[in-house]
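There are two complexes below, and they share chain A, which is joined by chain B in the first and by chain C in the second.
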Partner chain A sequence: MVEAGRSPNIEILTLAEVESLSGKPGKFKAKVKIRPRYIDPDKCTACGQCMQYCPREAVDEYNERLDFTRAARIDFPQAVPTAYYIDEDRCLQLNHETCMICTNVCGPKAIDFNQEPEIRELEVGAVVLCPGFGNVPEEALTKYGYGIYPDVMTSLEIERLMCVSGPTEGEIIRPSDFSHPRKIAFLQCVGSRDVSCGRPFCSSVCCMYAMKEASMLKEHAPEAEIALFFMDVRTQGKGFDAAFERAVDKYGFRVIKARVPKVEQVDGRLALNYVTEEGTVHRELFDLVVLSVGLSAPEGAEELAKKFGIELNPFGFAKTEVKDPLTAKSGIYVAGAFHGPKDIPESVMQASGAAAKVSELLAEARGQDMVEKEFPPEDQELLEMPVRVGVFVCHCGVNIAGVVDVEAVRDYAKSLPGVVYAENVLYSCAQDSLEKLKEKIKEHKLNRLVIAACSPRTHEPLFQETLREAGLNLALVEMANIRDQCSWVHADDPEKATQKAKDQVRMAVAKARRLKPLELQKVKVTPSALVIGGGAAGMAAALSIADQGYEVHLVEKEAELGGHLRRVKFLAEGENPQKILKDLITRVEKHENIRVYKSASVENISGYVGNFTSTIKVKEGSKVINHGVVVVATGAKEHKPSGYLYGKNRKILTQLELEEKLSRGKRGLGKTRRVVMIQCAGSRGEELPHCSKLCCQQAVKNALRIKELSPETEVFIFYRDMRTYGFYEELYRKARNQGVIFLRYEPTQRPEVLKKGRGIVVRGYDALLGEEIEIPADLVVLSVGVAPDKENPIAQILKTPMTDEGFLMEAHVKLRPVEVAVDGVYICGLAHGPKPLEETLAQAKAAAGKAVIPLAKGFVEVPPIVSRVEEKKCIGCGICASLCPYNAIEMVKKEKRRKAQVIAAACKGCGVCGSHCPVFAITLGGFTDEAILEQIQAFGLPEAEESKEAELEKEAA
Partner chain B sequence: MQFEPRILSFLCNWCCYAAADSAGVARFSYPPNNRVIRIMCTGRMDPQFVVEAFYVRADGVFVGG
Partner chain C sequence: MAKKSGKVLVVGGGIAGIQTALDLAELGYYVYLVEKKATIGGVMAKLDKTFPTNDCSI
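Take a look at the complex of A and B:
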């Protein structure tokens, strides 16, 4: 959020709504209505005075109506823009023309009641729709007593309640009597998988978030007993199953497979009646019931669809096709939950994918209208002068000055060695203060700056930029955090807080004296990509990068393109996968920007982001190519189970093998009267630890196909949890309606496949009957799951980490799902984790979108906090190179001696190398040993002086 | 007089320093006995930093990462 807010090429319009859209892809005109905020965000410093003095209460919608707030407010401290706003509906001034208190208390004079709604016309090339999701219908909640019994709460309310900045500061209390609930129940599928409220689909995310909330509740209140009521546990995401099981183990949750029909209140507690799978009726009392509410289409989706001329699916979400899951209509793309309920990683993938689509469409216009800031050259003369430190002590309105004696801190700063100037600033980050800061630098010839204000995490980039504008190197500023880590946390002890502020300023000044200018390095990028793997993911990524205008080398180990998709004959969504595949292959082979290497393998990859060199082994020998980025789409394998008589009897097939049969129509089925499918034949703890995500829909899809070809054929499916998430749930329902019989089994009672006489039987346990059953089968179909390539040679060459299961590990599970720890390397498809075709294609586009960023920039900018090796001191021991987690140090021969050399573009500045170098040959930009030691010595200073004084006194006595 | 320890904290920019900021945003309150040095990663911690801190009479060193 902050990053988007800081980008000079992103304009954020809040309180805004698109009124209409005209024109065509590449040249749209959008009319946007912007409602007034009544506070100028450029002037607002988010000090909070307006809210503090605002006399008008308002219901806090952000906190799910569990709390009150004020008419003048900010919903949460990290909001972007970090500016307050005034609630039109509640403000006294706006409704009754009386009050104006906020105007009077606002230091920077940011409040403006004269603001009017504004209409802006924007010229845009493409549109990305991401309006998110909406609430479940009221009746889905009321039928569980929500709104009638106060202790029935939604999962969203619990989320706010658990938040430390929420209405109870993280204390879990039940609304009816403010007591701590000791017995809590989570009811799943509220407003999901429920035909009665028009939400037949599965919301995909609730099982996982319920587990997360339950775990957090346990952390808050370890004595609480928690039961979770599921229909199926749908934790199909990457690593989710393992997380779920860990949580159940650690916190002792009760996982009950039952759908609770209703909630009643009995003597101040809540009674749940439910029937478990064996058919037993239970009645149990709870203190708090949490409804795990589902994800609905966003409010106003229909209107939105009309405005943009896009289609919606029957449930009000944006309609797309499998082959292009990001496009709602040419030039209009969709990302996130508006496309269907989905978790954060899938939403982020879609978002990056949509960005790639936009970049394909607008490739020609790339760079036009782009804003790049220019800075004056650095003032060498000023730099060469002896150290002249300027200290600016910020009041931050009353945020700091209300606690810390800022004048005393300023005077103290003046007394410190090296300081030539110190002053107080009301708001150091305000635009006019920054201008003044530049003037002071010139006027007092300051060449080191200390800003005693808030956190460098949020504000250092701003001051660094100001320094650059003033002709100083960006590394010459140091911040003393006297707000977030001082005045805000020590509000009850102004004296000690002032002392702490003085100490932090002294330490900052000490460090500032040692600061040296650092160079912002730029490394040129080779504008081409290497895509490894010619399956659906690799091809889709290659096409996107090529369509965005860059050269692509696509390497496929087999003799033809297509990967696993070649074996998929039908899709759950109804589209023809072979047609999608054919289109992909034709486009890839014809594309002028793509070189395809078939029957080829990647032998070696060296280099770093922007400048990789790879050797590709082809039939004719090897080929060396240079490229700027790598996309790894090496796929996975169909798991081959060792049990279930697989491979020992021709009546036992995998789902893909069945698909092959089914693709021959009725003929393929022959006289098959009864089919038994076994889910998780390998997955979820048998031979593969993970859930393979796509087998449930695959089984249901094939079962329906069998029913279509031969309605009289019986189909049984043994399963643990049917994970037909999202809209796949529709297929599951359809299969049940068409007479497919689903039998749940526990992992301790996996079904067995046995030979009996000349036939085959499947022996399993029927929970409802409470006994073992044997089903003779003409065909046994195993849902075998997706097996990763554990010895993935590419991962080994690139040193990218892998998960325990053997899939490639992303840089951040949620926020960076297509990047890996090594810069310039992107992942997609089955190599990242099991997923259906639609998600694979979206992820491939996402990887392409991310991969093009360095290519389009043309250079990689290296932040100055990287390590440097002093060659003279280096003894070439190589400890640093072996420890570096980012592969950013290489050992090179220099004048016949081994020396460490830092690859600046790959270094993250963590400093592991520096702290382990036995000869102190490595320094960290901005965090040198001298600077930190100086800071430590400054920490000790007053103590040392005091004791010296004491000693002197002693001597005198 | 009560013992008032002076603690020097080395906080990792990405986690513990961020957490200390969040504590402020949430207006938590804790004793004002620590002084903070921000580092980019606790991997940066050099044993000499700890030794130096005790040498200049820190009563405790806190490494958060």
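Take a look at the complex of A and C:
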């Protein structure tokens, strides 16, 4: 968020709405109406005086109406833009022409009641729609007593209640009597999978967020007992099943398979009546009921669709096609929940994908309207002055200040050698604080900075950039993590937490005094990409990169392109997958920017982001290519289960084998009278630990196909949880309506496939009937799941980490879902994790978008924290090169001697080399031995002082 | 044909809109990020902690 606020190429227009759009792709004209803020954001310093003196209360929408705020306000302290605004509907001056208190108290005279709405005409080449999601209908909530019984709350209200900056500062209390709830129930599928309120689809995210909220509630109130009521547990995302099970184990949640029809209030508690699968009726009392509210189409979606001339699906979300999932129509793209309910990683992925789509369309205009960010030259005079340290101690709202005595830490910092200035900051990462930081640097001539706040992992780059803006070298800042390491872990002992914070600040100051400026290096980028894997993901990524104007080398190990998709004959969405595949292949083979290598493999990849060199083995021999980035789309395999008589009887097939049969029409089915499908035949803990995500909709899709071809054929599906998330839920409903019979089983009682006489039977336990049943079958179809390539040679060559299951691991699950730990390498498709075609294609676009960033820039900036070898000291032993986990050290000959040399662009600054060098020839930028020793010595200081004092006291006594 | 524009309109300042804007800026385009509320951030800014890293959402 702050990053977007700081980019010179992003102009944020708040309180703004698009009125109309005209023109055509490449050249649109948009009319945007900007409502008045009544506070000039350029003048506003976010001091908060206006809000403090504003006499007019308003309901706090940001806090989900759980609290009151003022008519003059800011929604939250880290808001971007960091400027207050005046609520038109509540302000006394605007409604009754009386008050003006804020105008009088505002120091910088930022308040302007004469502001008028402004219309701006913007010329743009493309549009990306990300309006998010909207609310479920009122009746979906009121039927569970929401709005009637105060202790029935929504999931978003719980988020605010748990938040330390929320209305209760993170204390979990019941709205009715402010007591701490002992028993809490989560009701799933509120406003989802509910035909009665016009929301038949599944919202995809609620099962997972309920688990997260329940876990966080337990952290806040360990004594609380929590029960979660599910129809199906839909944790189909990557790694979600494992996380869910861990949480259930750790916190002892009760997972109940039941849909609660309504909530009643009895003597100040809430009564739930429910029927479990065995048919038993239960009545249980709870103190707090949380409604896991679903995701609806955004408000005003219809109007939006009209303005932009796009179509909506029957539920009011944007209508798109599988083959091009992010395009609403030419030049207008969608990303996020407007495309359908989805979680944060999916939304982030689609966002990158939509950016790639725009970049394909506007490739010729790239850079044309860009503003270069320029930093002032470094202030040499300031640097040459004796060390002047400034210490900024962050409150982080109450996150730090609620435990640590930040004022005492500040005063202590002032007493440290070298410190010329120290102050407290409410939120040091907020934009206005960063502006002030720059002013303070100038005002007090600071040339070393210590930020006592949170983790450098997340926030150091932000402060480094601020230093650069202030004309200081970015390496002259040191962070002390007094949030994670003090206020969070020692929340129960404020005194010691404060002491520890002082220790950390003292150590940081000691190190800061020794910090030296470091040079930021730029490395040129070879403007081409290597895409490994010629399946749907690889081809879609290759096409996007090529359309964005860069050369692509596409390597496929088989003789034909297509991968897994070649075996998929139908899609749940109704489109023809073989046509999608054919189009992809034709475009790839014809594209002037793409070179295809079939029956080929990648033998070796060396180098680093911007400058990779790879050897491709083809039939005729080897080929060496240079490229700037790598996209790994190596796919996965259909799992082959060892049980279920698979491979021993021709009546037992996998879903893909069934599809092959069904593609031949009714003929393919022959005289099949009864089909039994078994879900999770391999997945979710049998042979594969993970959920394969796509099998539930695949089974339902094929079941419907059977019913279509031969309505009299019976279809039974044994399942654990039907995970037909999102709009796939419609298929599930349709299948039930058409007589497909669904039988739930427990993992402890998996169905078995047995030979009986000349036939086959499936024996299983039906949880509803509560008894064992045997179903004779003409065909048994196994939903076998997706098996990763555990020995993925590409992952080994690139040294990129894999998950326990064997899929490629992303750099950050939420924020960097298509990148990996190695820079310049991007992932998509089944190699990243199981997913249906639509998600694969969107992810391929995302990987292409990310991969083009370094290509488009033409250079990569190397962070200055890299190793440096002092050549004179180096004895050429090679220990460092053998230990480096990133292949960032090479041994070279220099004047007939072997010397280690660091490839700066590949170095991650982990320091392994430096710590193992037997002759201390390697130092790490920003972490010199001198600075670290100083820091360690500072750690011991106060104890020495204390013992001295103790001795003195003893002597005095 | 008229020259294409190198500017892009992103409607909605939630996580999807912000990420789109950031990527487009990095890809060499100028972005207008239009948000109807007074601050960007959308629903994600209301979340206390996010799964699985439990990072602060802001």
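Just so it is clear, the second predicted complex is superposed on the first by the 726 of 957 C-alpha atoms of A that agree within 3 Å, B and C clash if a C-alpha of one lies under 4 Å from a C-alpha of the other, contacts with A are read in each partner's own complex, and residues count from 1 in each chain.
Following the convention adopted for this analysis, a residue touches a chain if its C-beta (ideal position, glycine included) is under 8 Å from a C-beta of that chain, and two chains touch if they have at least 3 such contacts.
The structure presented is a predicted model; accordingly, all values stated were derived computationally and were not measured.
Engineer: Please indicate which partner A:Ile344 is in contact with in the superposed arrangement: first for chain B, second for chain C, both, or neither.
Structural biologist: In the superposition, A:Ile344 touches chain C alone.
Engineer: Quick check for you: in the superposed arrangement, does A:His490 touch first (chain B), second (chain C), both or neither?
Structural biologist: first
Engineer: Once the structures are superposed on A, label A:Ser642 by its partner contacts, choosing first (chain B), second (chain C), both or neither.
Structural biologist: neither
Engineer: Just to be sure I read the superposition right, which of the two partners does A:Pro456 touch: chain B = first, chain C = second, or both, or neither?
Structural biologist: first
Engineer: Is A:Gln380 in contact with chain B, with chain C, with both, or with neither (first, second, both, neither)?
Structural biologist: neither
Engineer: Looking at A:Ile936 after the superposition, I want to know if it touches chain B, chain C, both of them or none. Which is it: first, second, both, neither?
Structural biologist: Only chain B; A:Ile936 stays clear of chain C.
Engineer: Under the stated touch criterion, name the partner, chain B or chain C, that contacts more residues in chain A.
Structural biologist: Per-residue touch count on chain A favours C.
Engineer: Looking at A:Gln499, would you say it contacts chain B, chain C, both, or neither? Reply first, second, both or neither.
Structural biologist: A:Gln499 sits against chain B, while chain C stays out of touch.
Engineer: So which positions on chain A get touched by both chain B and chain C?
Structural biologist: Common interface on chain A, chain B vs chain C: 78, 164, 458.
Engineer: Along chain A, where are the residues that touch chain B in the complex?
Structural biologist: Checking each residue of chain A against chain B gives 77-78, 164-165, 169, 455-458, 481, 483-486, 488-493, 496-497, 499-500, 503-504, 507, 865, 908-912, 914-915, 924, 927, 929, 932-933, 935-937, 939-941, 943-944, 947.
Engineer: Spell out the residues on chain C that touch chain A in their complex, using ranges where they run on.
Structural biologist: Residues 2-55, 58.
Engineer: Please output the residues of chain B touching chain A within their complex, sorted ascending.
Structural biologist: The touching residues are 6, 8, 13, 17-18, 20-21, 23-30, 32, 35-41, 43-49, 52-53, 55-58.
Engineer: Can you list the residues on chain A that touch chain C in the complex?
Structural biologist: On the chain A side, the touching residues are 1, 3-5, 7, 9-18, 26-28, 30, 32, 37, 62, 64, 74-76, 78-81, 85, 122-133, 156, 159-160, 162-164, 166, 208-209, 211-212, 216, 239, 243, 304, 335-338, 344, 347-348, 350-352, 354-356, 358-359, 361-362, 364-371, 458, 548, 812-814, 849-850, 852-853, 856-857.
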